[in-house]
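The next part holds the structures, each set out as structure tokens.
Two complexes, one shared chain (chain A), two partners (chain B, chain C).
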Partner chain A sequence: MATIDFKNVQKSYGEVHAIRDFTLHVEEGDFCVFVGPSGCGKSTALKMLAGLEATTGGTISIGGRDVTDAGPGKRDIAMVFQNYALYPHMSVRSNIGFGLKMRGQDKAEINRRVEAAAETLELTDYLDRRPRALSGGQRQRVALGRAIVREPSAFLMDEPLSNLDAKLRVQTRSEIVNLQKRLGVTTIYVTHDQVEALTMATKIVVMRGGVIQQIGSPETLFAQPANIFVAGFIGSPGMNFFRGPVEVVDGRAQTRFGEQVVPLSVAPDALRGGEAIFGIRPEHLKIGGDTGTPVALGLVESLGTEKILHFPTPEGQAIGSLQKVIGSDDAGRDSATMLARVIDDRRYTDGETVRVALPEGKVHVFDPETQKALS
Partner chain B sequence: MIDFSSPRHRAKFGYLLLAPAVIMMALIIIYPILLSVDISLQDVRIARVGGDREPWTLENYRWLTSSAEFWNSLWVTAKMVLTVGGISLIIGLATALLVNQKFRGRSLARLFVALPWAVPEVVATVIWAWMLDSSFGVINWALLKIGLVDQAIQFGSNSTAAFFAVCFVMIWKGYPLVSIMLLAGLQSIPEEQYQAARVDGANVWQRFFYITLPSLAPVLGVTSVMTTLWVFRDFAIIYVLTQGGPIGSTTTLSILTFEQSFAFFRMGQGAAVGVVTLVICAFISRALVGRFANSVH
Partner chain C sequence: MQKRSYLGTFGIYATVIFTCAVLLFPIYWMILTALSPRTQLREFPPRFWPDDPQWGVFADLLATQPFGLWMWNTILVAVATMVLSLTVGVLAAYALSRHRLRGGQGLGLFILTSKMLPATLLVIPLFAIFKSLGLVGSLWSVVIAQSTLIVPFATWMLKGYFDTIPPELEHAALVDGCSPLGALVRVVLPVAAPGLAATALYAFVISWSDFLYARTFLTTSESKWTLNVGIATLKGEFVTDWNTIMAASLMAAVPIIGVYLFLERYLVGGLSSGSDK
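And now, the complex of A and B:
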């Protein structure tokens, strides 16, 4: 168990800056997830922490010890790779015990610890098999076994679930979280999947283009995103955005969504210019009441009681090219369509007109220039 | 008319397409083998296909077992296989590891590693024969200049020197293939395995012994079979360099086959040596390929 500190870490490949000013403090026992779209530098950051990539600047410490120039084997960390990186010519037993063997532990001790790790991961029956004779989920557990057997001060995991099928991924997700809680080892976990980040992390680091966008707990990121990118990236389906006028009436700021006047919880001084970008989560929209803006439903996706309703953004309020900034993983979502998520027993049909209302206090306000959240 | 696109007949079309190749193979590979077995069982000096034939006899094989020449050539071949095979495997692996690293000028280095392979065997051997010449050769000149030897080494008349000269040229000619094969093998080892081993605390030697070598085992196996068979079969290098001499010190089984058949015109005995060579090669490749095929993951 150890704290992990990045201080102004930089990484550049020639002219290309892969990581800029990466500063992060991870507490002992934290489950910290680096999340972001592909190419955002999250894996590079992890590899620098592992010592597999050199830093261009800054320092990295593990447990208060500066390891910036230490080799991977001298950092007291264990790593789980995306494709598991098991040694194909070794049995499961040798795979798990390899790190101990390299550290010169005696055979009996290696055996004892390998068997304990195998029991934790329910791998006892497979110890003498080769990795090729195991299923994807079992290989994943062997990779975890290789990490836990050494009792390192930190686990590093690089998208360890992305080679599993959807069902197994959900199951393994909770297994990893439980294991981490039980062992209490500081964990850094890299993923591009914000659902994994939200469900597993105690601390999330959202990255984009090599720069940290926001660091916070899942709740903070969900409720108070720091900018448009984080707002759109976290949550599924992602946040809806629209452009709206800023009006000040009786000292209070308000905007309009179609016909509806939406009071804002932001102080009028914070709002420069006559316009802002607003965001509302699909699950916060009120559908089918007596107030609000009437919209025609374009598409109704039903998942039983839960329904995703698609409807056009009120005229002139689409955010246009800003959509590109948003890291939402609903690919192909266009800027002129909004989504509402409802859980009720009502039947909705395509083309039906319903009223959509934005409840007060749930609307996020962003500066159209800096894209930062205003509060 | 059979519709070859139907699933039921699709296989037949495949066989039809394969047939010409299979027939050709049978004619140019199987027939000569059977022919040489046939000749080896006849007590003939000059075999004539289609002419009068001698009755089958084991006379040639009897000669083989009692002939000092045969046992000598078997011993020479074995020594040569081990020397050439072993050293070219080591040099091939070393050069493959070298050109697998990222460095400036890597493509050029790869080209140079592979170059000896591209030079025709006879051309290369003639050049080496000149360089190894005891009167005008650059190698003797260099050795004398450096002071490693007091008098020129007689590569043509000293048995040990001749043997090692042949081995040297064979290694020079043979290691590039080993290197190319092993390079392909090295490139198929995932980088993550090395990263995992580094995180596990393995140093460079441990990574070599625990990751590189086991992962290369199948390729190493196939490559050693190929090198072994190549040394067994090779004729041009030895013939151009020493013609099997001096006093049989470089007479391998293939040289003996040639000598018996076309120098002494005892084709029956020559064919018998050839058949024994074939059987030995078949056993070696079966054993090695079988063993390494099992370790392929």
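And now, the complex of A and C:
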């Protein structure tokens, strides 16, 4: 167990800056997830922590020891790779024990620890097989075994679930979380899947374009996103955005969503100009009440009791291209359409007109210039 | 699976038999020439098999010529060339495959251009260099000269193979505590065994069949002759002993077959399967 510190870490390839001013403190035993769209620099940050990529500037410490210039083998870390990277010419036993062998442990001790790790991961029956004779899930467990057997200061995991099918991914996700809790080893986990990040992490680092956007617990990121990017990236489906006027009535700020007047929980002084960008999560929208703005439902996606309702953003209130703001992962999302997530037994049909209301206190306000949250 | 028709099966067998016949005919002709009595060598039509095979030709060859010495010299040259070419080729190919070198792409292509120069063009400058180094007449001259031809191609063969091995394998080895050279030796090379075997075989065959360099650099020192140089001397100005030449050629081919049989098991690809998803 160890703390991990990045201090003003930079990484550039010539003129291209992959990581800028990366500063982060991870507590002992934390499960910290780096999340962001493809190319945001999360894997580069992890590789720099592992010593597989050199830093261009700044320092990295593990357990208070500056390891910026130490080789990967000298950092007391273990890593699980996206494609597992098992040694194909070795048996499962040799794969798991390789790190111990390289550190000069005696054979009996290696065997004891390999067998203990194999038992933990239910791999005992497969110890003498080669990786090619294992299923994807078993290979993944061997990769985990290779990491835990060394009892390192930190686990680094680079999208270890992305090659598993959906069902196995959910199962392995909870196995990794339970294993980490039991061992209490500080873990840095990289993923582009925000659902994985929210369900596994004690601390999430949202990245974009090599820059940290926000650091916080899953609850903080969900409830208090620092900017439009984080608000749109975290949550499934992501937050709805619309443009609206800022009015001050009796010293209180308010906006309009179609016909509805929406009181804002932001001090009027914080709002510059006559307009702002507003966000509301699909699960916070009130559908089918007596108040609110009437909208005609477009697509109705039914997932059993849960339904995702699509409806048009009120005229003149769409914010334009979301892709520029949120990134390629939400490229398919059209800002002229809003989504509502409802869990009820009511039947909704395409074309039906319903009232949509925005509850007070659930509306996020963003500066249209800086895209930062104001609420 | 759909059952193959009789005609299809016949076609496949016919093609295989025809191909084998074409490929093996020179071997058959060598055996036939080696074993035929001299009077039957130029007979027309030729016989399918000699009436009285001259099996003693092999013993005569060993008794009258220093065949064992030629064989030993050739083995020394071929093994040394193979080891030198593979060592240089592995390190060069690994660097080209894994490291972002400034101008690495151009450098890789430049290496290959040296393969395009004919050996006859290189023989004179090489002779001048070896003479000044005092290597003419030494087996090392042939080893180094052959390596200059083999290394560029070996580098490209191995680079292609290294490119197919996921770099995460070395990363895992580094995290597990290997040095960069340790990761290459303990992880990359065992996984690249089929590529190494193919390159080793290529180097061995090219070296074994060399005549030009051995003839040029070793002519003056008879004790250093390789098989091809020795066999060439069996062709006299007035008389050519075809039986002995063919017997020697057949015996010279045996080690190549042995090396191929040994390396064949490593030539089978797919060893790296199972390392990843």
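Keep in mind that, in the parts below, the second predicted complex is superposed on the first by the 368 of 375 C-alpha atoms of A that agree within 3 Å, B and C clash if a C-alpha of one lies under 4 Å from a C-alpha of the other, contacts with A are read in each partner's own complex, and residues count from 1 in each chain.
Heads up, the rule we're going with is that a residue touches a chain if its C-beta (ideal position, glycine included) is under 8 Å from a C-beta of that chain, and two chains touch if they have at least 3 such contacts.
Model, not experiment: these values are computed from the prediction.
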For this session: With everything superposed onto chain A, say whether chain B and chain C fit together or clash.
Result: clash
For this session: Using the touch definition from the top, say if A:L358 reaches chain B (first), chain C (second), both or neither.
Result: neither
For this session: Applying the touch criterion given at the start, work out whether A:A276 contacts chain B, chain C, both or neither, answering first, second, both or neither.
Result: neither
Exercise. Which of the two partners, first being chain B and second being chain C, lies in contact with A:A45: first, second, both, or neither?
Worked result: neither
For this session: Quick one: classify A:Y87 as touching chain B (first), chain C (second), both or neither.
Result: both
For this session: Kindly classify A:R103 by the partners it touches after superposition: chain B alone (first), chain C alone (second), both, or neither?
Result: both
For this session: Could you say whether A:L134 touches chain B, chain C, both of them, or neither, answering first, second, both or neither?
Result: second
Exercise. Just chain B (first), just chain C (second), both, or neither: which does A:M79 touch?
Worked result: both
Exercise. Of all the chain A residues, which ones make contact with chain B and with chain C?
Worked result: 50-52, 71-73, 77-79, 81-83, 85-89, 98-99, 102-103, 130, 132, 146, 150
For this session: Over in the complex, which chain A residues touch chain B? Could you list them?
Result: 50-52, 71-74, 77-79, 81-83, 85-90, 98-99, 102-103, 130, 132, 146, 150
Problem set entry | chain C residues touching chain A - in the complex, by the definition given at the top | 166, 168-169, 171-179, 182, 187, 190-191, 193, 271-277
For this session: Using the touch rule from the top, collect the residues of chain A that touch chain C in their complex.
Result: 47, 50-52, 71-73, 77-79, 81-89, 98-99, 102-103, 130-134, 136, 139, 146, 150, 163
Seminar exercise, completed: Per the touch rule above, chain B residues touching chain A in the complex are 190, 192-193, 195-203, 206, 210-211, 214-215, 217, 295, 297
